[in-house]
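Some structures to go through are shown next.
Okay, so chain A shows up in both of these, paired with chain B first and chain C after.
Showing the complex of A and B:
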């Protein structure tokens, strides 16, 4: 696009033709108030708060008016201020915008504008009509009475999240945000990605858990990466003292561009499994709390012929520490190698015209990948072909659903595409074989766990159930069925949670939960990403590396002690 | 209509029917005719004809425009003479059959029109110029043969055989045709934009989502002559290079939808639609032209008449206007270049191509060419569908075509352009009907609704009525349109209820200005027009409501004072028994009295009084 000269408030500027007045003004530090506009969303032009004088004639919305050569824009005048004030008056009088009884007070864009533009009375008597609230969703509260109908949520849900759950029903001032054609939120097709809450400028969409726990500006903002899956979404984590207020997707993160899923945003905050706060040793069938020294000594004493089995979510640093202790005897709980080598990266999803998704429900796992695909397939820009047996919620978003038996038909359909990406995780041998032949298709492999690629790089392979008597250490947060993996062995579990499952072990050792640990992992795109520590773990909790260091120290001590004994004899 | 043309019609009937002997009887079965009992008349005719075993062909047609005379029955004799009977009822059929069908003596007193000028008054048609409606009320809309007998699809053939697409567009530009949906954008220019837009796939849309209260122009055309619209679309598609199109019609027009579907099926069978149009009849170039046409029924949202909302609706999304630019010509339906015109615009096209752009440009004023269809409704003596040349005055339409105001009352104003338009007062009856002149009054040409108001109309109430409509139909996207119109409506409502305050007029002006200038689409931008025009021409009525708590037109009930005229009151007690608040007292056979403190102005007493004794002031 060609550069053109324009003037905003007398300031001469050069900008790309076709950009909106608002974008150009923002890029040059000129502030124009907005409400329905959002940097991550397409221009909408609904609220009319951003009106400016651009050439002769009526005021124009800056968010929706493209610049033209020699355009002269005035962003502030008495006429403009009056028009903006009228917008605020109409909005404040439309529904319940009594700020003192709203969760969002202090972090509400409507309220901020009221202060900024000097709204000091209600011009119109506010309507008292009561609209419904929807409290059925486990994480999100919808209060239509606080809604200003800017439709940011609707646009985010559709255009960014690709979910198309939210819409608008009714006309005129009776318009309401609508969920799946009038379904209760909890019964809807909502995937709980939380984008709607993230973009809502008022208190109409609220994170239930964050309610009344504090405002964003009272919290520390930490940019981190999500390690709940190998996508590695960028997150904005808001922390207040030692709790997490809310988690937002990071709009600036190149990986996800603000999109996240339930697993990043809500699931960890709602994890109610009992925490393990101190090491416990099973002595004569009774669980007894043990000191760190005793625990480390106990573990150090079991190292001979021992092996360690880890979950794929462990950080590279923890893996390195374990390798230093166990050498080659570090194994993975899950598979590590892809059934077919990957040839595509996430960015290949952006311009493909056909997606062949095999056996993965992208609304439930790898949610960001689901969003990247659905936001192109649901509007019809690209085609989604699903191959799966059994229930897969993606089937609701496409006409092309095939069973594994019928893979050939799916492939025939896919061959019509010009740029086809196969999206898969675990695959049956026969399916993998059939896909291998389609070398013209790009392959986007979804690793099984967040650091599966890190494990592979460290040369850690899957664990094979052992027959012989030995000590097995398990490290992870979702440990289960420990006994089935080894026979008659001594078991140690390093885990954040004291579940019944881990009590199959002889020693349980507390390690940090998701937000209490830091470290690096390798994402599905092969990037080395870093997760920050957000919360301080409890006193008895130590990181895997710290436990390894303690065990190492104990072992050295015992070696030294043995050496001394040996020397004195 | 010239007798020659009628001869031609009758000729075409006789040609299509193969009957050169007997009479042809045609019943008007548009929605208007059916509503007035046309089907019953048709049954009675069948029965009467069969009983007499007369060699008569019974046919049907669409709306001829004389809605004030429905049910209409046309009788053509083999010489081509035409006799049109109005207000036909099943009871009248018997005499028609005996006198006219059997004995050849037309029933003079029931004739509303005839090719024999001595027999009936033709003033309803004298000043009309029927281009769009040239076939309406004449041919059987369900017969492709009759349409073809009236030069149907010859314009298409001419375009395909002898004209390059650019020449078609040039012809439309030369004709000076402007969009008949209301905004008046030059049609040829619009086509040129669409033709010039980059893209292989282009769409063509016909906007038949006629939503203005009191407007029925498009419905009558679609019901009365569906092939004209299809042919106009085909020529446009050929001009801009589109191969697929949508006819977006209100689902509230079931007859139009049914006739369109039949017309599309017939045209497809005959090779005028589908792949390789007119392939066997034309040279190789013509056969390269293909066009698929779909009917899409609207779901009853007024805003879907706005082109971008209409396209969203076709795409299956909520009908909400989108930002422009990009304009539909570059990025419309499914992001593809799209041309959209309304029904009447397309219906003009075949005529323009056949008669040449100059013939069209010869009609009308300097900037507004051709003719315009209006739906004449309200307090008019002869309400109906009329087509007049541009440049005719409003007064001519109302007095000469419409026959003046009903019941001899005084003409007060005419509401043009539906809810987006405005009220033009009687003092401006000399205003010429063209885009610029009408816009100057504060109203808009609109799609052709003309609601005539007499002295009993309260202008505040009229503004309130139309605003009530638009505020309900706002899609809710823009703040001003969504809430601003509602706030305006509240002010108007309280004025009509006697709760108006000083400052209300200024607040109305303030809101109207902001709603008009700051709304995204035409709905919001024009919604305040009825308020602004009534304020402009009838401000004193607003002031009377606000300051004197008086409704000059005696319409607003809350502002009326009910009194019983003691000279007329017979003391029948009917009013006292009807009064819900027992405000009326009196002895039997003595004049009654209304206690003003108790009266709630409900009007029950007026309705009950058989002696016209309850007066309002």
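Showing the complex of A and C:
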């Protein structure tokens, strides 16, 4: 775009034609107050707090007015200040903005503006009509009485998240945030991605979990990566002492650009499974706590011919440690290899015109992939074709739904596209065969777990269930059916949770839960990503690598001891 | 199904939403949009439900509650107000035995108010379904209601 000259507050500037006044001002360090505007969203121009004088005539919203050649902009004058103050007065007067009883006090953009622009009294009689709250959602609280109708949530849910759950109902004074068709939040099509909460400038949408636990600016901000699935979204984690206040998507992360899903933002914070805090050994049928040393010695004594079976969420560092102990006898609980080799990366989703999704509910798993697709298919920019036999919530977002039986029709539909991406995880052999023939389609393989590709690179293959006399170690967060995988063997489970399932083992050993360990993993795009440690685990909990080191030390000791015995004889 | 037949009269383009909602509402014996109407419109036009519901609640010509066979809308914009439309509203309310926004128990009339009908030259004015009546007096209003009752 052509560069044009403009003046803002007397300062001569050059900027790209078509950029908004606000963007140009921000780029040049000139501050203009905003409220409905959000860097990650398209301009909306609803609140009128950002009004400036730009040429003759009425004041214009800086966030929604493009610059033009020789435009002269004034961002501050008594007229402008008055206009902004009127907006603030109306906003504060209309609903419940008694800040001292609001969860968002101290981190509210409306309140901040009140201070900044010098609001020192209420011009209008405040808060005459009371609207409803919706408390039905497991994670999110909606208080319409604190909503300023900036529609950031609506725009984020639709344009960024691709979910189109939120809207606005009624009009004028009675306008309210609409959830589907007036549905209770809990019965709506909401995927709990949390974007709406992340962008809401007021206390109208809040994370229930974070309520009254502290403000963002009292917390440490840690940038990390989500390892709940192989997308590996960038996260902003807010930590206060040793708990997590809230988790936001990282707007600046190239992988997800701020989008995340329930699995990263909420599920781990609501994991109610009992934690295992100390190793426990089953002795004569009774679970007895064991010291770290005893545990390590016990494990060291079982290493001969032992094997270890891991979940695909283990970090590369933990895998390397296990390989040093078990050599080639490290196996994966799940499949590792893709049913069809991948040929596409996440960025291929950005300009495809057809997506053929096979057997994955992207609202529930790989949520960010779902967002990247739905935000193009729901407005009709691209076509979503779904092939699935069971319930799949994506079916509500497309007219092209086929059963596996009818794969041929789905393929025929897909062939009409120019750039087609097949999105899949597990596939039946026959389906994989049929897809293999369509070599003109790009293939985006969704690995089964966050570090499935790391396992594959380390040469770790799937474990074959069998009867065994050996000791089998299991490592993971979701261990179940251990006995059915190996009968007759001695079982050790390294796990963060003391569930009934892991009690099938003979020894259970505590390892960190999701936020208590750092480490690297290989994302679906093949990138080496790093997850940070956010919380300190409890005292008895050790990382897999730390347990391996203890076991190594015990083994060495016993070798040395044996050596000494041999020498003295 | 009836609903599908109505939908099919329109091209499935989003700009047809308002027309389509009108057609669905008109087809309803109680002059309102049922949840199923909104859902099927959303599906037919491939629009998110919240958007369709938002439009249906924004425009006052749509109702999401059952209404009477005749929708009486009395203009309350300034010109009609000047010419005495508040008396008309009172009279209509008395004659029908309902408040504004309500429907008579026999399901015949719903009383509503409206913003400018664009016929200020004949203020005060009202509409009864698609019919327009101007230069009204309380007596005329009563007479119109009686006509409708007889026509039933």
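The definition used in the following text is that the second predicted complex is superposed on the first by the 568 of 569 C-alpha atoms of A that agree within 3 Å, B and C clash if a C-alpha of one lies under 4 Å from a C-alpha of the other, contacts with A are read in each partner's own complex, and residues count from 1 in each chain.
The criterion applied here is as follows: a residue touches a chain if its C-beta (ideal position, glycine included) is under 8 Å from a C-beta of that chain, and two chains touch if they have at least 3 such contacts.
Computed from a predicted structure; not experimentally measured.
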{"item": "Clash or fit (per the criteria above) of chain B with chain C on chain A", "value": "clash"}
{"item": "Partner chain(s) touched by A:90 [first = chain B, second = chain C, both, neither]", "value": "first"}
{"item": "Partner chain in contact with A:182 - chain B first, chain C second, else both or neither", "value": "second"}
{"item": "Partner chain(s) touched by A:58 [first = chain B, second = chain C, both, neither]", "value": "first"}
{"item": "Which superposed partner A:220 touches (first chain B, second chain C, both, neither)", "value": "neither"}
{"item": "Touched partner set for A:378, first chain B, second chain C, both or neither", "value": "second"}
{"item": "Dominant toucher of chain A (residue count), chain B or chain C", "value": "B"}
{"item": "Partner chain in contact with A:399 - chain B first, chain C second, else both or neither", "value": "second"}
{"item": "First, second, both or neither for A:47, with chain B first and chain C second", "value": "first"}
{"item": "First, second, both or neither for A:168, with chain B first and chain C second", "value": "both"}
{"item": "Stretch of chain B penetrating chain C in the combined three-chain arrangement, among 295-303, 349-357, 475-483 or 565-573", "value": "295-303"}
{"item": "Interface residues of chain A shared between complexes with chain B and chain C", "value": "167-168, 170-171, 380"}
{"item": "Touch list for chain B against partner chain A, complex", "value": "301, 303, 318, 320, 323, 325, 334, 471-480, 482-487, 510-511, 514, 516-520"}
{"item": "Contacting residues of chain A [partner chain C, same complex]", "value": "154, 158, 164-171, 178-182, 189, 378, 380, 399"}
{"item": "Of chain C, residues touching chain A in the complex", "value": "35, 38-39, 46, 48-54, 57-58"}
{"item": "Residues on chain A engaged by chain B in the complex (per definition of touch)", "value": "43-49, 51, 58-59, 61, 64, 66, 83, 86-87, 90-91, 93-94, 124, 149, 151, 167-168, 170-175, 380"}
